[in-house]
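You will see chain A twice below: alongside chain B first, and alongside chain C after that.
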Partner chain A sequence: MAAAPTRIDVLQLYRSLMRVARQFCDYNIREYTKRRTIDAFRDNKILTNCSQLSAAFSDGKAQLEVAKRRALVYSLYAPKVKSIMDIKPS
Partner chain B sequence: MASSTGLSLKFSPLSTSFKQNKVLLRGICNVNSVSLPSRGMRLGSLRLRVSCAAKPETVDKVCSIVRKQLALPKDSPVTGESKFSALGADSLDTVEIVMGLEEEFGISVEEESAQHILTVQDAADLIEKLVEQKSA
Partner chain C sequence: MAEVRGALLKHLRVNTTSLSLLRYPNPTRNGLFTLTVNAIRRSFFDEVMGSFLDKYEVTDRVLCVVKNFQKVDPSKVSPTAHFQKDLGLDSFDTVEAVMALEEEFGFEIPDNEADKISSINYVVEFIASHPQAK
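After this line comes the complex of A and B, so read on.
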């Protein structure tokens, strides 16, 4: 198992996940990604066990890779009609 | 013009006589009040802006985003000098606030710069710098 992730690593992972979330065209998936990362990071904030920390961190990194791939594929097949939540009230 | 009056201001406290001081200062004050409004809009304001803080509208926008993120009541004191940690934000909240600011102002904050943001004023200054860079 790799060494425990530092505080900076965790924050960088958090930031990368939020940035990937922004790239999704679908409102629902975007909001879900943001919500899930916020919830997961807050839940794991209290972890102190080294192995648990590295497990959670590698899990997060795997999810980041998945999200990046999905964002790319979704952008290729973006729907023409945007979700109602995305349309700003004119 | 502005720089010469600045220099003369420095010399006046060296004179020992109190009356001389007053006369000198009055004379200099007159010159200041005449020169700065005419030229100060370009020279003076440019020189002051380098050290001056961000615009108050930017600080207000940052404050409103911080309030929304941390769910603070509307009348809680959030000023330029408030530290995020003092307002009850942990590092995750700070990252979320920076994300919100990126979306609001359409800028992209670097990793290292984002880690040095500790107060509302820091955030507003960084935003101003990035907006200027983007529009330049």
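After this line comes the complex of A and C, so read on.
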């Protein structure tokens, strides 16, 4: 069984997921990724069992890989019209 | 505002006497004069290594971003506030705040530096001394 992730590891995973979220072109997917990481990390904040912690951590890492691949593929087919939520009021 | 100032400075003529002032800036002159000398010095460095932002401007922008953060009470935000002790944020919120600041200033903060950020003071120092901050 893998050792429990340290506090720094968890924060780095959180930061990497937020960075990947920034790279999405689609407003909806970007906001969903941010929301989902915040919710998931907060729900798992109270875990103390070592195996549960490492399971949650490796799950998060897998999701990070998925998100990176999706961000790359989505960027190849970026929509020409920006979502209205992205346009700042002038 | 900073771009206008930068563009203006690039067109200012610099005569030979002010070059000697660049080498030996007199610290006892009044503030406006040293500001001009620093501005001239910065316009030289623009081409070489990227300009540094003015500390007051950085403080203003950082406070603005932190006040707009949803979990923060705007009345508690001050230039000496500590994210976790004064503003009541936990470590996840601190990461979010640092990300928002990265977006505001348009440059990436590496993970090891971002872990050390715990107060607004530190952030302002860090950004003001980072050449890629916009």
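What we mean here is this: the second predicted complex is superposed on the first by the 90 of 90 C-alpha atoms of A that agree within 3 Å, B and C clash if a C-alpha of one lies under 4 Å from a C-alpha of the other, contacts with A are read in each partner's own complex, and residues count from 1 in each chain.
Here, a residue touches a chain if its C-beta (ideal position, glycine included) is under 8 Å from a C-beta of that chain, and two chains touch if they have at least 3 such contacts.
In this text, all values refer to a predicted model and were calculated from it rather than measured experimentally.
Student: Clash or fit: chain B against chain C, after overlaying the two structures on chain A?
Tutor: Taken together on chain A, chain C would clash with chain B, as the superposition shows.
Student: I'd like to know which partner A:Arg69 touches here: chain B for first, chain C for second, both or neither.
Tutor: It touches nothing on chain B or chain C.
Student: After the superposition on A, what does A:Arg35 contact: first (chain B), second (chain C), both or neither?
Tutor: neither
Student: Mind checking 4-12, 22-30 or 40-48? I need the stretch of chain B that runs into chain C in the superposition.
Tutor: 40-48
Student: Once the two structures are superposed, pull the chain A residues common to the chain B and chain C interfaces.
Tutor: 7-8, 11-12, 14-15, 18-19, 22, 38, 41-42, 45
Student: Name, in rising order, each residue of chain B that touches chain A in their complex.
Tutor: Contact set of chain B toward chain A: 90-92, 95-96, 98-99, 103, 111, 114-115.
Student: State the interface residues of chain A toward chain B in the complex, per the touch definition above.
Tutor: My answer: residues 7-8, 11-12, 14-15, 18-19, 22, 38, 41-42, 45.
Student: Help me check something: in the complex, which residues belonging to chain A touch chain C?
Tutor: For this pair, the touching residues of chain A are 7-8, 11-12, 14-15, 18-19, 22, 38, 41-42, 45.
Student: Mind listing the chain C positions that touch chain A in their complex?
Tutor: Result: residues 91-92, 95-96, 99, 103, 111, 114-115 of chain C touch chain A.
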